[in-house]
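Given below, in the form of structure tokens, are the structures.
Look at the two complexes coming up: chain A is in both, with chain B in one and chain C in the other.
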Partner chain A sequence: MEDNVLLQVSHLRTQFETKEGIIPAVDDISFTVERGQVLGIVGESGCGKSVTSMSILKLIEKYNGRILAGSSVKLEGRELLGLSEAEMCNIRGREIAMIFQDPMTSLNPVFTIERQMVETIVRHKKIGRKAAHSTAVEWLAKVGIPEPEKRIKEYPHQLSGGMRQRVIIAIALSCDPKLLIADEPTTALDVTIQAQILDLLRKLKDEVNAAIILITHDMGVVAEMADHILVMYAGRALEYGTKQQIFRNPRHPYTKGLLASIPRMDRQEERLFSIEGNVPNLLKPVEGCVFRERCGYAREACGSCRPELLSLPDESRVSCLLYEKEAKESAHE
Partner chain B sequence: MKKFLLKRILIMIPVFFGMTILIFVLSNLTPGSPVDAMITADMTPADIEALYVRMGLDQPLHIQYLRWLGRLFQGSLGYSFRTGTAVTGVIGERVGPTLLLTGTALALAIAAGVLFGVAAACKPYSVWDYMASGLSFIGAGVPTFFLALVFIYCFAVKLQWLPTGGMYANASTKDWMDVAKHLLMPAVLLGISMTGGYIRQTRSSMLEVMGEEYVKMARAKGMREKVVLYSHALRNAMLPVATQIGMSVPFLVGGAVVTEQVFGWPGMGSLMVLSITYRDYPVIMGVTVYTTCAVMVVNLLMDIIYALLDPRVRN
Partner chain C sequence: MNDSNALLTVQNVKKYFKGTKGCQVKAVDDVSFAVAKGETLGLVGESGCGKSTLGRTVLNLVNATEGGVIYEGRDILKLPQTEMRMLRKKLQMVFQNPYSSLNPRMTVLEAVRAPLDIFGIGTKEERFERSRDILKYVGLDEYQMYRYPHEFSGGQRQRIVIARAIISEPDFVVCDEPVSALDVSVRAQVLNLMQDIQKERGVAYLFISHDLSVVKHISDRIAVMYLGKIVEISPRETLYDQPGHPYTQALLSAIPIPDTDIVRERIILKGDLPSPMNPPAGCRFHTRCRFAVEECRMKEPKMRFDESGHGVACHRWKE
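Then we have the complex of A and B:
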């Protein structure tokens, strides 16, 4: 079982220091990703999903963030947070690759597709430019780009959004990474293209046997892709479980609210369901549960004591006082 | 790219004719005539009339224009009213010194601008950043003639490292080391006056580009920081800088009037000032025609460079 763990993130805390104060963008997040599995991280905008992925790659310092001491990110048992910048450069793109949200801005507009693919392959695989070129063409064919030999000579502005996202996927997978972080890979695309891209990701994941961390705010996308799901809110993990557990038996009031907000075609509703209130301002330290102000089940205790991520009998985890009793029972067993 | 070039060159033809008309009309609209500058105390009104006829100034304006244009296409810009020598010759001997001065200054300004700009952007609020800001404020804020006088006082008068002006110590030897010595001060000064803008532009566009998604992606691909900065970011950041350089080059091919004047540099700028004082129309028009053509060629070159830098403008 332990051998199967590819990535282990524990007690990850990332902060941004701004003029107004410290923003704890990621506050004590722990999760594991197993080989070949898909972990979906869901949550609304600004909940720390992207900061989590940038922290795993240790790119957050470039954007004025800071990973706090006590955080740990282990890839196959190797601690990444202690590595030097040069060592991290060998991990990025090679062991952990990333796909970004907006294909329109993620490719460098002044370089050809070829240059952007070849530089990555040459950098990590230590092969010549010619060999790298044929690898690149192969990958363009694999991601479904017609006439790859011709297309590879083109510039990003000559390709459509869907095509560009395919190119980005090809770049990410061309060095056979063990883990692929896809940060909202379909958000900027048309619905029809979204489905194609998801299909492609699923197909290629098995081919290179990579695990995926799929970051999204689209519950439909996680339902289709993920094996496990982590629900984030205001920088904290609220619930973690398998897809079945989360969708069939959501525990946390926030998860329940999220699922209830999905519009349903089989019901005529006057108004779509929404969770009342707004995300808390992270500049002010939150005592107790971050969700309590919007939570229908909030009690007095929720305001004073921060709920831990409790392990439940079915191996799912939830950060809510409602489940304290259930969790204690499972610990006693 | 071929189509782009052809279109670009064809556009230059009407622009050229438009410019010749403008130049001709404008220089004829200036009050006073070249004859005024030639009148001496012992001339009779008939002598003055004869001068008008000899110079073709009695003809209607459009005839004067067509005659001038016809001569232009034969490669003649007329004769200087002041010296009586061919305008092409007068301009010819000034082009070299001007291009030497402004070319050197431009190269210095671009090098300093990009170096300081990138250093300032990579380490904001560092010593480099403050040095870059200081240099750009001096360049933009202090008038060239004042800075030139300060330089001459320090390096020529007090320290006696460099000559105060001119291009040669002895015009007959044409020793390159000597020219370089004379060139150093005016070129550095002219460079300083231009580099401020380049520094600010490079710094701000570097900072902007470094926040772009493709820079994030280049880092996530495992590219080393040097490659990210100097290949991915700088190439994009240079686009607005190239535009700015392109806009300042036209001012340079026509000569740097103030700098040339202060240092007695025998270039186009000082020729222009001299000709205007003497109402030497053929030379004024000749210099303007030359400058117009040079600007058109430079603009064409800049557009080609821009198309090479940015694939998006090619089609």
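Then we have the complex of A and C:
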């Protein structure tokens, strides 16, 4: 079991210092990713899901973010947060690859696809340009780009959005990473193209045996892709479980509300459930539970102390006082 | 739907944009439909299919190349500008981005009151009262009226935009992706508000969106667009239960359902959307269609309707 753990994130805390004050964008997040598995991180905009992924790759300092002491990110047991920038450069792209949301801006417009792919492969795999070229063409074919020999000579603007995202996936996977972080990989794409890309990611995942962290706001996409799901809200983890646990038996009032507020293709409802209010302003320190003000089950105790991420008998976790009793029972067993 | 209860009838509207080197983009190409009083017509399609251009053309915000839009017995595309302007109090619009559709230098009260000021409705006091009431109706407190847009969240801003659109009591509002910029939990609030408004005030919506699950939730009838044409139009239930056009079928099957117990067959479309500068001859969908035959490459299919009002533009429908 332990051997299967690829990535272990514990007590990750990332802050941004702004003129108005400190924003705790990621506030004590812990999770593990096993080999070959897909972890879906879901949440609404501003919940800290992208900051989590940027922190894992230590890219956050460029955005004036700071990872606090006590945080830990271990890849195969090796602590990443203490590594130097030079050492991180060997991890990024090689061990952990990333796909960003916007295929329009993640390729350099003044270089050909070939140059961008070959550069990465030569850098990480330490092979010659010729060998790198054929690896690149091979990968373009694998991600379903027709006439890869010809298309590799083209510039990004000559490709459609879906094609660009395929190129980015090819670059990400061409160095055989152990972990792929996909941050909203299909959000900028149309649904029919999204279906193509998700289908491709599923196939390639089995082929290269990489683990995936899939970050998305779309509950439909995680339902289709993920093995485990982490639900984030206002920088904190509210619930963690297998896909089946989250969708069949959501526990946290936020997860329940989120699932109920999505219009469904498979049934018709007169009126949608809606979570009242807005996401809290993170500039003001939150006492107790972050979801308290919008929660129908909130009690006085919710305001006094921050709920822990409780372990439940079925191995799922939830950060809500409603489940204290259930969690205690499981601890006694 | 028969024409007698039509509020607004769109007839053979075309909008061509001039491109470079004499080529044209046929953004909207010969589109006809009608909207009944108090109904919601959903308009779905992928990016670049012309749905936003159609919404703007219908309201005469861009000049149509050809065709007409009949409202109260008159073709509004042929009205002189002064008359068109006065008619705008009955025909309103809500745009996608609540951040750019409010003037940052106007307070919320001023923004919402603007249509009343422009159309000269009521006395100064009446205008103030009506603005206050409508803001309260969309869920804003009185003390928030003198604030500026930047002090509000995306969901609140979209409520303000909606308040501004309905304050002049329009019959018809074009809503162009009104909830696409909003988070899931806030989206439900705005959709519910739009439904309440429709029930209480009888306004008709043309609801434009790329999100089929949202369109399904809110619409009475739905039109599907592909490369400038409506390929299918039908009552909501029929469209989702028996989609007639192969494009609609693929579009529906491509949507991930947030449920782990439902397994569906997925139709994955090959290739990308062809360029609207140079759309395929014959049926525009034939390059990606599973059922395409020779006829589809040669002849453009006409929209055919069955007795339930379900219309499909496909040669092979009901084969």
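Just so it is clear, the second predicted complex is superposed on the first by the 328 of 333 C-alpha atoms of A that agree within 3 Å, B and C clash if a C-alpha of one lies under 4 Å from a C-alpha of the other, contacts with A are read in each partner's own complex, and residues count from 1 in each chain.
In this text, a contact is a pair of C-beta atoms (placed from the backbone, for glycine too) under 8 Å apart; a residue touches a chain by one contact, two chains touch by 3 or more.
All values derive from a computational prediction rather than experimental measurement.
A.B. asks: With the two structures laid over each other on chain A, which partner does A:Ser274 touch: chain B (first), chain C (second), both, or neither?
C.D. replies: second
A.B. asks: So, A:Thr105: does it touch chain B (first), chain C (second), both, or neither?
C.D. replies: The answer is first: A:Thr105 touches chain B but not chain C.
A.B. asks: Taking the superposition as given, does A:Ile193 touch the first partner, chain B, the second, chain C, both, or neither?
C.D. replies: It touches chain C, and chain B stays clear.
A.B. asks: Mind working out whether A:Ile127 is in touch with chain B, chain C, both or neither, as first, second, both or neither?
C.D. replies: Neither partner.
A.B. asks: According to the stated criteria, A:Arg94 is in contact with first (chain B), second (chain C), both, or neither; which is it?
C.D. replies: Touch status of A:Arg94: first partner only.
A.B. asks: Looking at chain A, does chain C or chain B touch more of its residues?
C.D. replies: Partner with more touched residues of chain A: C.
A.B. asks: Just to be sure I read the superposition right, which of the two partners does A:Gly257 touch: chain B = first, chain C = second, or both, or neither?
C.D. replies: second
A.B. asks: Under the contact definition given at the top, report the residues of chain A touching chain B in one complex and chain C in the other.
C.D. replies: Common interface on chain A, chain B vs chain C: nothing in common.
A.B. asks: Can you tell me which positions in chain A touch chain B when the two form their complex?
C.D. replies: Touching chain B: residues 57, 59, 62, 85-86, 89-94, 97-98, 100-102, 105-112, 119-120, 123-124, 155, 157, 168, 171 of chain A.
A.B. asks: Quick one: in the complex, what on chain C touches chain A?
C.D. replies: Contacts found on chain C: 46-47, 153, 155-156, 183-189, 191-192, 195, 210, 212-214, 216-218, 236-237, 240, 250-262, 266, 268-269, 272-273.
A.B. asks: For chain A, which residues count as touching chain C in their complex?
C.D. replies: It comes out as residues 44-45, 160, 162-163, 190-196, 198-199, 217-224, 243-244, 247-248, 257-259, 261-266, 268-269, 271-276, 278-279.
A.B. asks: Under the touch definition given earlier, write down the residues of chain B that touch chain A in their complex.
C.D. replies: Its residues touching chain A are 212-214, 216-225, 227, 232, 235-236, 239, 309-312.
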